[in-house]
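Note that the chains are named A, B, C and D in the order they appear, and that numbering of residues resets to 1 at the start of each chain.
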Amino acid sequence: MQGDLQSEVMVRVRFSETDPVGVVWHGNYVKYLEDAREEFGRQWGLSYRYISESGYYAPVFDMHIRFDRSARVDQWLKVVCRYHPSKGAKLCFDYTVSDALDGTLIATAETVQLFTTKDGVFEPSAPAFFQEWKRKMECPEEDG
Amino acid sequence: MQGDLQSEVMVRVRFSETDPVGVVWHGNYVKYLEDAREEFGRQWGLSYRYISESGYYAPVFDMHIRFDRSARVDQWLKVVCRYHPSKGAKLCFDYTVSDALDGTLIATAETVQLFTTKDGVFEPSAPAFFQEWKRKMECPEEDG
Amino acid sequence: MQGDLQSEVMVRVRFSETDPVGVVWHGNYVKYLEDAREEFGRQWGLSYRYISESGYYAPVFDMHIRFDRSARVDQWLKVVCRYHPSKGAKLCFDYTVSDALDGTLIATAETVQLFTTKDGVFEPSAPAFFQEWKRKMECPEEDG
Amino acid sequence: MQGDLQSEVMVRVRFSETDPVGVVWHGNYVKYLEDAREEFGRQWGLSYRYISESGYYAPVFDMHIRFDRSARVDQWLKVVCRYHPSKGAKLCFDYTVSDALDGTLIATAETVQLFTTKDGVFEPSAPAFFQEWKRKMECPEEDG
């Protein structure tokens, strides 16, 4: 595999993303994870746009987030998205969200995406464009 | 005009819509207004879906909101959307947001929508489907 | 246990909650789950407000969602939130999101909340108000 | 006045901020405006935090946005927030949102904020901290 298949983004917590307790509302982390996943897509040639132009969508099928600490307005967060090799027709990523200055861990997460055609029908085997991408990235196939 | 061309919805303030001050974050009112406008569309035959199937989009071009009071988590709001007759190729609505129980006024707003083709080109004259709708509703043409 | 400790809400999908694919953006389900959990709180005496007035917060610590189907604008969803009895200082819920008309399953989820003091310090043993609530609800203690 | 009292931020459009038409949902611009206003606050000593520590909130009282063009996923936007001097107890800003690469204008906006005490009571005359800030910034008093 081409070294580490991962990307990172820096996100600054918006006032509108914090809740009455004064911390980031937990649902907003889904946006931060997607920011990092989209950056991965741009950097490694697997963007939403590219998948769409290949005739597919890749909806999130499974999402699991664990929150270790809370984050506050103006705080800079570093979100890292790592590709997790897996068999078959799915796209798996692991994430860490941490304080960008001191590295304190804030949350960890995993997502699994499946492929559907533009009509919304699930694609049980890996689409050609995805097989090609895995070859180019020299991805091993691991259980996931 | 067919009596009052207006619709209303009841909206309950979500925890995630409130900010660190404990009140609804002002940007969330845009959703409440759209809830009432979509209800208007369903009730009076001018829904997003119908406009889209007629070959057009109706993007918001101008939005003006005045906030009189703040709203809190769990509060029930009544949002009223009134059609405001106007000349030409635009769709104008007035809104009031008030406490659903005691009627206290919380916000007032106006929006103006223009028409574009599916390619995003502005349509300078009223599309046929909209002229037809105005005839059916017996709308006078007023300046707006 | 007092019959089934569960609550349900009906949610109508907003235009602003759908994405370029025309379906609900997956992060918006977090709001639907919270709608049902807040309804549970109001119905069974365990609301955000009550917990807060007891001197605690109950931040979400773990959230897991599986998406079976997509939902579209205007669709009515039924969200059911069930209390899942567990040992110790945590609050566990299971959820189902389904089409409100034909019952088709759209998503399932689980959340785990822990307790913190107002200063954000984790509370390792069940707060008195929560023990009292469990007694009143005649909750068995199960592993979870 | 200290040259131009203005600040700018760069914002990249998120997938989750776009709607079924494939463009930024209009309500999301409220977040972009706030991003620029918060940057102004940090840069010129008038942040949400500072206002709050001075014993006040500054809720948005009036917001007016005009949309000239739509923006798409991944597009970089430049949002400029300019302080607009005005008499009395209000805080006025003008905004432009434009394409960060070619400068095409996307939206313009104005907001007016008033001051309230922490109990939510409107403050009819300019709080001391705000008068002090205006002196430091050598702001003229203009009608607004």
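By definition in this document, a residue touches a chain if its C-beta (ideal position, glycine included) is under 8 Å from a C-beta of that chain, and two chains touch if they have at least 3 such contacts.
Just so it is clear, the model here is predicted, and its values are computed rather than measured.
J.: Please state whether A-D or A-C has more C-beta contact pairs across its interface.
T.: Taking the two pairs in turn, the one with more contacts turns out to be A-C.
J.: Which chain's centre, taken as the mean of its Cα atoms, is farthest from the centre of chain D?
T.: C
J.: Report the inter-centroid distance (CA atoms only) between chain A and chain D in whole Å.
T.: Taking the average C-alpha coordinate of chain A and of chain D, the gap between them is 31 Å.
J.: For chain A and chain B, what's the span in angstrom between their mean Cα positions?
T.: So the centre of chain A lies 35 Å away from the centre of chain B.
J.: I'd like the Å distance between the centres of chain A and chain C, where a centre is the mean of that chain's Cα atoms.
T.: 24
J.: Out of chain A, which residues touch more than one other chain, so two or more?
T.: 15-16, 21, 27, 30-31, 34, 73, in rising order.
J.: Enumerate the contact residues on chain D facing chain B in the complex.
T.: Within the complex, chain D contacts chain B at residues 21, 23, 26-27, 30-31, 34, 57, 59-67, 70, 120.
J.: Can you tell me which positions in chain B touch chain C when the two form their complex?
T.: Listed in rising order, the residues of chain B that touch chain C are 14-16, 30-31, 34-35, 38, 42, 48-49, 73-74.
J.: What part of chain B is in contact with chain A in the complex they form?
T.: 15-16, 18-22, 25, 27, 73
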